[in-house]
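Handing you a structure now.
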């Protein structure tokens, strides 16, 4: 059997957020499908869509629906073939003993967030409760959550699998209020699997094989968490094991939430995706709503039998 | 009158500076060894010796720039001192002009005055007045790289003269000057010396110059340098230019030349040739 | 025999180099004006003149380093040339030694040979053999900042001698040397000149030296420099040291000194004093 | 003299513009001729159009970044020179200060950014500090090298005039060091802008780095390039200003 | 003086001096570390502002292999980039020195090139050079050559024109004057730039590793930064400081050996 070379570009460095892919690689699932896969980590200012569009990488686990829409809007020929996190992976966090106890309390307070989509989610949440986003002091969020821990800001944005762990450690899980976008009717699925239009059109079977192996890897990772963490820790020994274990548990929640629970891993929830599309168009991030069916192609993931995709 | 020097000193004529057992070693090179000399106040002493024998090294020590090897004795006005005590106490003209390339003629000349704290404008005025005497009139605003070799030397000389100290060390100050400029500078030096009663040590290669100027001529040996001969010059002052043809002068010159040549020969491996 | 020079030239004795209407201006300073001179092959010509009159400037032009002002005529062996045509054709010793601080004595001496393409080892061997003659034996590995002024000058001289060219320009080569070392170097120079039939131009401040060495002495005027006097020296060769006391010598010296002094006076504003 | 300087700089500026135009034309031809997509290399014309489009916000960002770089640059230059002078005046401080400074500088400035952001916040202060750190080392190194470069014989001469360390420093060491100090200052101009930008990328309220960071994530490469052109213009102006100062004050070579 | 010291480099006096020069900073360093430890403990500084040195040390010792591997990889990238950047910097200085037209046309563009923040162009770097060691070396090259060019040009311009004239009078051509006069004369200035470039090359390598790499100090740094692992940040800072000081030390050592003649003109 001829092996095909391919690469997967992640959105960030090696960590449990991507455990399934590493497990599949380690266990030889890609090899079994005839793919000689290289996993390339991501980094700040490294746009996965860009690398996939130019052909530098075959597959990409990119930022999320937001980055896919932005890329499509700018004419990058990428297609999403699966969505990992079925619900918004980040939450807004305030101190339990602080002034912010509800989304309405954000008014007149300081909130920090990432100006790459999360800010629009925040704006939408605020609008839903009748607070004008301009009444909240929304500031760019830096790498550290210390300003929040030190109560210099009232609300901080945290990914469930990453920042939340740090905040829990430093403030205490029980001293925090979490504001979940879905509770306000806003959804922003992230961690999208993408390929270029060329690959989608010319090598559909490669895409399918890749998906099959990846899904298998993820199921294995969730079935055998400590082994999955071992694999990650071997690659990045300086990571904190407890944090990685936390991350894998949270990622599991995110990947199996919503449509993920019924339609399996990497299912594409057109409704959730569509609402993100409208949100971004409304806030002018993209010039006009992107044509959904061209940007999101569920046919590859759906070609895998449902029982193979469900946990 | 200085110059007519008794060899054994009067009690009140304590040496201005007295050196005993001065040696100086650079790595493997012994530049000076057990040099002994004393200079009385107001004397004009000239120093001759073969090239590389340690004359400049001696001056560096007297200017306080170089410590001699341990075990030396150095007395300034009878007070035992280290070389560094002499810093700022002698006006020193080094063999290479060492003009600062970013200062023009006038500002190079006033360098020492500035260091002393004299206001620039005043120092410049003083120096401007001296320019014609040094044949540098009109060149005050030139930079060193625009000067001829002799002009550079004259600027360095001016800088030294402007720094008024009891002891003046001049290392081949007239080396790059033509005969007349040199004569004028010599006359000028004698003027300054007599008027201001400065003590002068003067290195030269020119035996005529050494005799013409000096109260005493020190002849140094080849490296390692020592004083080979201290020759008093008992010619009356003021000396005229034609003194060089007098029999006393010629006799002195002969003595000195013999002493120097004997030493210079040692510097060369002339055996085989 | 070179040295016994007929003033009017034989047809076959074309000048090696001929300058006409050479002027050189630096900004507001006129260094040379309408200088005319021609040098026959094999001649040893000495140049004297007041400090700052343009001697070094003349040499820079002859070495091809400085273009004279437009309108000049410069002929090399009868062929009209620009100054830059002379680059690499004359061996030139500048007034300041210009030793490279990162090269030791021997490597500074062989610089020109290296440029010519001689292998280093060979060049070093050549130079090593010459060290004793220059009184530098044992100093081959020293760096310039470890040398005395006279030693530096001798290294520069060696460098020039090792670069063998028909025309040799020496700018005060013996300025920093003591009497004997100077005498030895003079003797050495005459040896080289007679053996190798090189043409030599030699700047000096020392009129004795100018007469002792030269077939002709050129006296330059004060700035702007021109040739004031071309004095043939009809003394027989080889010349002994005691020639300086001969009446012919003294007569020549008198003529020359008068010419130089007249020019030197112009450099000074001596009116007020 | 002044006339020749200004005609010199007129020629230099026109040639500089010529060089820039040449590159711009080649760039435009490449981008258009090879039909490169904007995410690989946008054509220079579309960058300029984007520049005009976003002129207002880019200008505001430029002012932000320029302020940070200038403030950091000034502090860095002073600190670097002061440390170098200190080390020259108090030789025993040398074996402590030099390795320490080397160690601090050996760490890429970006590594400090999380700490500096933590200590000085996300505002301008942290950028100023980062720029100052980066600049001060360059200046420190250049200044020490310059101060050490003096001819020992000239130092001796000044000492023989009774000059103390301070006088030697002022009249000899500093003028000797000036060419190297200014060369260091020239190199630092560029570095100060880039460090401000890079730090902004890691967290800021505004500035060109912030614009670039946002634009990358929004896949707006025309905007990225437009911001970079503005950054280059700032650096070049800055560099040119220091070169001008250099030509004024280091004339003797 | 400096010449004498280096000529006599094998004398016991000089080697004691060098030994002292190595030991003294180490003693100071140890003292500083102890002091910091004491300050953190006494003033109760929270660990995410400043962890205790002992905590940093134990962080490194927990996974020494990871730090060593990162160190080695970053070292390779840095050395490659540094050597290439220095050579290119000198070559460009020579070119710019020789052809004034080229300098006036393109030197400003060199300056401009340095204002491009490479980290904004990670994708382009990956596109052109892939995820290879070469890609990091290229970045490290890119950000280290300008100081070398600037300082070498400065060194060239400081050459005494009379010295050039002397070489010309020997018939030396441009190449010989360059080799025997300009290059040696520029060495003191060049070394100042090389010391700077050694640090910059390291910065380049570390930033280069942010473009999707798996090993290297940059990766460790990034990971620690975004996981708010302050001890990890410090651990990486310490390791890269050691690497940087090592590189600097090598350059400084070479400088002492090569540029022995000091300031004498």
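As written, the chains take the letters A, B, C, D and E, and residue 1 is the first residue of each chain.
Heads up, the rule we're going with is that a contact is a pair of C-beta atoms (placed from the backbone, for glycine too) under 8 Å apart; a residue touches a chain by one contact, two chains touch by 3 or more.
Source: prediction; values computed, not measured.
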Number of hops, subunit B to subunit C, where each hop joins two touching chains: 1
Set of chains adjacent to subunit A and to subunit E: D
Steps needed, at minimum, to go from subunit D to subunit E via contacts: 1
Greatest separation from subunit C - chain, by CA centre: A
Geometric centre distance via CA averages, subunit C-subunit A, whole Å: 85
Inter-chain centre distance, subunit B versus subunit E - centres from mean C-alpha coordinates, in Å: 49
Sites on subunit B at which at least two other chains make contact: 26, 96
Sequence positions of subunit E contacting 2 or more other chains: 1, 4, 7, 48, 119-120, 123, 127, 225, 262, 264-265
Overlap residues in subunit A, where contacts from two or more other chains coincide: 44-45, 47, 50, 54, 143-144, 146
Subunit C contact footprint on subunit E (complex, rising order): 1, 3-4, 7, 160, 162-163, 165-172, 176, 180-181, 184, 187, 259-262, 264-265
Of all residues in subunit C, those that touch subunit B in their complex: 26-27, 29, 48-53, 55-56, 95-96, 132-133, 135, 137, 142, 146-151, 154, 172, 175-182, 184, 205-207, 257, 260-261, 264-265, 267-270, 272-273
Subunit D-touching residues of subunit A, taken from the complex the two chains share: 44-45, 47, 49-50, 53-54, 63, 67, 70-71, 73-76, 115-116, 139-144, 146-147, 285
Subunit A-touching residues of subunit D, taken from the complex the two chains share: 37-40, 113-114, 117-118, 121-122, 201-205, 210, 213-214, 216-221
List of subunit C residues in touch with subunit E within their complex: 60, 63-66, 87-92, 94, 96, 98, 100-102, 111-112, 114-116, 141, 143-146, 163
